[in-house]
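By written order: A, B, C and D. Residues from 1 in each chain.
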Amino acid sequence: MQFFFEVLIGGLLAGIMYSLVALGFVLIYKASGVFNFAQGAMVFFAALTVVGFMEQGAPLPLAIGLCLIVMILLGVATERIVLRPLVNQPQITLFMATIGLAFFVEGLAQGLWGAQVHALDIGIPDTPIESLMDKTGMLISQFDLIAALICAVLVTLLAVFFNKTRIGRALRAVADDHQAALAVGIPLKQIWAIVWAVAGFVALVAGLLWGARNGVQFALTFVALKALPVLILGGFESIAGAIVGGLIVGSSEKLAEVFLGPYVGGGIEGWFAYVVALLFLLVRPQGLFGEKIIERV
Amino acid sequence: MEQVRNIGEPILVVENVSLAFGGVKALQDVSFDVCEHEVRAIIGPNGAGKSSMLNVVNGVYHPQQGHVTFKGVRRQDMNSHEAASMGIARTFQNIALFRGMTVLDNIMTGRALKMKTNFLQQALWWGPARRDEMQNRHKVEEVIDFLEIQHIRKTPVGRLPYGLQKRVELARALAAEPEVLLLDEPMAGMNLEEKQDMCRYVLDVNDQFGTTIVLIEHDMGVVMDISDRVVVLDYGQKIADGTPDVVRADKKVIDAYLGVTH
Amino acid sequence: MLYRETGQFKTSYAADQQIFPLRQDRIGVVATLLVAFIVVPLVANEYWLEAILIPFLVFSLAALGLNILTGYAGQLSLGTAAFMAVGAFGAYNFELRLEWMPILGSFALGGVCAAFVGILFGLPSLRIKGFYLAVATLAAQFFVVWALTHFNWFSNYSASGVITAQRIEIFGFYFLTGQSKYLLVLAIVTLLALAAKNMVRSETGRAWMAVRDFDVAAAVIGIPVMRTKLLAFAVSSFYCGVAGALYAYAYLGTVEPDGFNLDLSFRILFMIIIGGVGSILGSFLGAAFIVLFPILLNRFAEPFANAIGIDLPSGMSSNLELIIFGGLIIFFLAVEPLGLARLWQVAKEKLRLWPFPH
Amino acid sequence: MLSSTARRLGRPAAALLGAAVIALGSGLAHGQAKEQFIPANFYWVGPYASGGSGIAGGFIDYFKMVNARDGGVNGVKITWEKCETEYNNARGVECYERSKNKGPTGASLIHPLSTGITYSLIDKGTADKIPIVSLGYGRADATIGSVFPYVFPLMTTYWSQAAAMVNFLGQREGGLAKLKGKKIVLLYHESAYGKEPIPVLTDLSKKYGYQLTTIAVPHPGNEQQSQWLQIRQIRPDWVILWGWGVMNPTALKAAQKTGFPRNKILGVWWSGAEEDVIPAGSAAKGYMAAGFNAPGTSYPAIQDILKYVYAKGDGEMEDKSRVGSIYYNRGVVLAAVSVEAIKVAQEHFGKGKPVTGEQVAWGLEHLNLDEKRLKQLGLSGFMPPTTTACNNHEGSGLVKFQQWDGTKWKILTANWVAPTPEDQKLVRSKMEASAAKYAKDKGITPRANCTDEN
């Protein structure tokens, strides 16, 4: 039973790391209705940029600051070059465009900083917490806990941003109805640029944490694939959904791998979350927190 | 004209239908019937539930209560496909054409239920599939001639003006050779000339093919001119039902249209 | 002046519903086929046949499959490579386990296996749409590759999960040279493309497009939406499956499940976006572009950079490839959503009027 | 709008197409120059770029050094051309087809540097008589040269390596007999590559009585929490890590997280480069891995590269500090073997003349890289001595084991380690059985007069 809880907690903590990536997707979807497939590439780009600046001699905080500027520029440029010409296109077209964007950003990142594997030390040791191990015998990594904490802070900040600030309220209005938002004088383009910049910031945080965990390398782009089932479960437009979805995906896939995996020879983690999400969709097509859509003709 | 036509028994009977979306009651306990070969209008102010009524009749919406009887088959739920295969065709308030296809292809889709070959035969093309295609094309060309849209046959529908799109939608519905045709505001947004054309087509359809027509329309003049009987809905409830003259004189109808509060 | 329709009158519906109503187009197509079947095998060298033309044809077929699903029926799929994998492994197992099975039968049955898997993963399309469905097809992508790697039966218990395609033999003739394999693939692709064209110009295709453009209206007309979608998944996956079998048998010779990864799925998606969504011709144009472009870039980027005095670091041309691909995808979606096929059509319309544009 | 797009695109598109046709059709500048062409079909982008670019660098730099120092092989200059395969089978085949007819005698031999591409090229290489050299990867059973005349899994195969690893673990435990009752976990990349060692390790587990558990990590392997929790449950004595790319540092990090000692983890040679441990930071300290080349720049051949190539600013590596890294040096091994095979072939078929692929295959079957020869090449201790034969395309099957001390790889075993002779026989018999099955499936008649000794 203790092992079960260990796996469960490990899964929940891993799930938070997924949520972190999923958050970037949700933000952009909420404000502009775009399912941004390039989020994974942005995570990679952000982490590589931070490491790149550090290798040029910048200390970590400065590198993060510089990278933030780069990410904001990237976000604004994306709005200009990708979204604006595609405004009023079907969502699926925008989605495909972001696949193109993902390739673009991956090429750009490697072209700028090279394809080398880098280590990224952000000063949080990734070791088990000893006091906890002595008391309960359970292994919980410090790094995972701190990452979860950072994630919680980020979500709180975003929630405050969305609910309390003027820009945040404008964002929500935009999400509800583009035309209406335009009609009441909300500057849509600026709003989108801001959202892409914020998503860039979230990508940066995700890139730092994932990069510190596994090293900064091309494989960071794959973390987006872990976030997709989270989105399906949580719904594309719910921050709460991203968190809860992440927790469900993280814990269920770990439990499945450990307890079901041995029966089929293991390695099921890669698709298990997708299949869970798929089955879930059949029951609730709108996701956990999504609103039911009634089709009118 | 009405004297010449032979209006028959009720072909479509709506009994006590109620429909709600969440808390919004779109239809409440509505009952009426439609007789064979007649032109039946449904009128009412905006939001009265007219389109919802049509959507219930051809199975797009499923009512929480009540029944629809069509050609003697009584049911609460029916899906659109069943409705179509039993002979109900319709047009939509906001044009529901297939924008990526040509006029001809759009109308050909109306023949979907008449096609007898399967996809494998169609993949081979020669033989039965080709014959099937030609026979149905022939039928579609009749409709095209009838509605006088020969010149735009190969045009993608997205490029057509509004009025013509409405006509193409009618053509698609007619191509199915329906027994009952549901028309949701066929004349909305048209100028006078276009409206007159459309009226003529509707009456001709009714006259030449004997098709029963259920029609939603805002233009009272048109409604009173062409329909045999009229149902009036307001806030999802039926407030009047009868010949145009009867309805026109109804106090509740006048109130509803003049906006007197209940 | 050459490209005129004036004077060509249609006197029957049959004539009007030909694939290529214009005489010039018919001549063009016949000429293309003659070149493809007779001239190319005579003049092309082994490199062209084995490294460019065969993969071009195989990818065209896969793109055609995806175009049926995405371009005609409007269901976005990110799992194309998985369906190809099913086709390849399916054909391998039929060929391996049924001695009497002719190779073309194995290809077809490989396609049928893919069609069944396609239907299975197409089921969610009945409830979900758009990119929810796209993500669902990712489940197919990951699951199929996992299953093929994992269950050794599929690879006949080869230690590594790699399969080696048997030799292609039809009536005692062995297809071993680039030429013969090219001709075989060309024949299969031509026939399947023709079948696809026939489907999309008859009721099947109209039903797909109707569901794509407006599914509620399609249902009201009496088009069975569910069956139409599943048929699209089945036919599309069949095409992809046959393409996968040809990929294994006529192109690579040996394949492993990992080769059919998400990257390949994306590449095929790019083919239809660049070539033209909802166009048979576009599938071929897109495949040609995606096959040729990286090779050209890989070949010329460095000499070109050297010529103008830039020292291009290793791998830069590949990064450039990613950047340019990505850029082109966005460009085509924004400026010409119907892709190269549409550009071709526009060019033809110009030609109709030339030299008197008014 | 549309038409203007067409107009804008029209001309460049036509020009591009024209250029394409000319370029691809123009074929090959044949010349009877004294040149020996070797394709450099590697990968510089994508998830595995760090390995590919390092190996490519060492490979090409060695040729540059040989050309600069010795004027080529007996006066025949080595030429090469890069082609990006992206670790992708289709691209690898295209690169092969493109490069196979280059140079006066066509491609001498090809290093596909990917198990998948190797598989795809087996038939083609055999038909074209171009040796496919898969040094440290590819099909283990291709050792049986009578069935695979043009495939060379030189030095050591995955199967030999697995047996050598067991031998090494036995040494660590103080004798192979001590392995009885020990628990060993194989943590492998869920792919063709990762599954390679399972049959050998399973057979040996029966022989030595250790308890083997195999745990798969799905691609790409950037999340291993559950696998390592399972390992923690099992509490194994050793973990054999058969990883690739991001899976390696992630495994080391996860081991640290679950408190598993890293000096009880033994990696395959594709899990044992700097790129595999540096991202894991301090978590990698103590980790051990196999390798068929030593790290460092102290070897005379590497010094010559620095002297003849980098001193002139002609080196392949942008980051010079990567010279001497595991992958770079592995590229040097690939190149040294290639040059040696050409040299052997020349000495047999005619010195100072370019040799054909068929002749190079002969050379590859008559390699005699003993200690003496390696010393002449300045590569003593750098790579294992290897002697090949017609029916032994592998050679010695020797590896070294190394340990990461937190900053660099340190050689643990002064001598090269082989599987025990008995195990070698077992591996060999597995290879023979597998090759025989392949021959039967493909209808190949094994070459006659093809033995283990020349």
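The rule we apply is simple: contacts are C-beta pairs under 8 Å (C-beta built on N, C-alpha and C of every residue); 3 or more make two chains touch, one makes a residue touch a chain.
Bear in mind that the values here come from a model prediction, so they are computed numbers and not experimental data.
Chemist: When every step has to jump to a touching chain, what is the lowest number of steps that links chain A to chain D?
Modeler: Contact-graph shortest path, chain A to chain D, evaluates to 1.
Chemist: Work out, leaving chain A out and holding the others fixed, how the remaining chains group together by touching.
Modeler: Without chain A, the chains stay as one piece.
Chemist: Using C-alpha centres only, name the chain that sits farthest from chain C.
Modeler: Most distant chain from chain C: B.
Chemist: With centres defined as the mean C-alpha position, give me the chain B-chain C separation in Å.
Modeler: Distance between chain centres: 41 Å.
Chemist: I'd like the Å distance between the centres of chain B and chain D, where a centre is the mean of that chain's Cα atoms.
Modeler: Here the centre of chain D sits 71 Å away from the centre of chain B.
Chemist: How many angstrom between the C-alpha centroids of chain C and chain A?
Modeler: Between these chains, centre-to-centre, one finds 33 Å.
Chemist: Could you grab the centroid distance between chain A and chain B? Build each centroid from C-alpha atoms only and quote it in angstrom.
Modeler: The computed centroid separation for chain A versus chain B comes out at 48 Å.
Chemist: At which residue positions does chain B touch at least two other chains?
Modeler: If we look for residues of chain B contacting two or more partner chains, we find 60, 92, 96.
Chemist: Can you tell me which residues of chain A touch two or more of the remaining chains?
Modeler: Each of 110, 114-115, 265, 267-268, 270-271, 297 in chain A touches at least two other chains.
Chemist: What positions in chain C touch 2 or more of the other chains?
Modeler: 146, 149-150, 216-217, 313, 315, 319, 322, 335
Chemist: Okay, in this complex, where on chain D does chain A touch?
Modeler: 44-47, 49-50, 53, 190, 214-223, 225-227, 229-230, 232-233, 245-246, 249-250, 253, 256-259, 275, 278-281, 283, 318-319
Chemist: What residues of chain C sit close enough to touch chain B in their complex?
Modeler: Of all residues in chain C, those touching chain B are 13-14, 17, 195-196, 198-199, 202-204, 206-207, 209-210, 212-214, 216-225, 231, 235, 278.
Chemist: Which residues of chain A touch chain C once you look at their complex with the stated criterion?
Modeler: Residues of chain A touching chain C: 35, 81-82, 85-86, 89, 91-93, 95-97, 99-108, 110-111, 114-115, 225, 228-229, 231-232, 264-265, 267-268, 270-271, 274-275, 277-278, 281-282, 285, 295, 297.
Chemist: Any idea which chain A residues touch chain D in the complex?
Modeler: Answer in residue numbers: 3, 6-7, 10-11, 14, 110, 114-121, 126-128, 133, 139, 141, 143-144, 210, 213-220, 222-223, 226, 253-254, 257-258, 261, 265-271.
Chemist: Could you pull out which chain C residues touch chain A in their complex?
Modeler: 76, 123-124, 127-128, 130-132, 134-136, 138-139, 142-143, 146, 149-150, 216-217, 262, 266, 269-270, 273, 313, 315-316, 319-330, 333-335, 337
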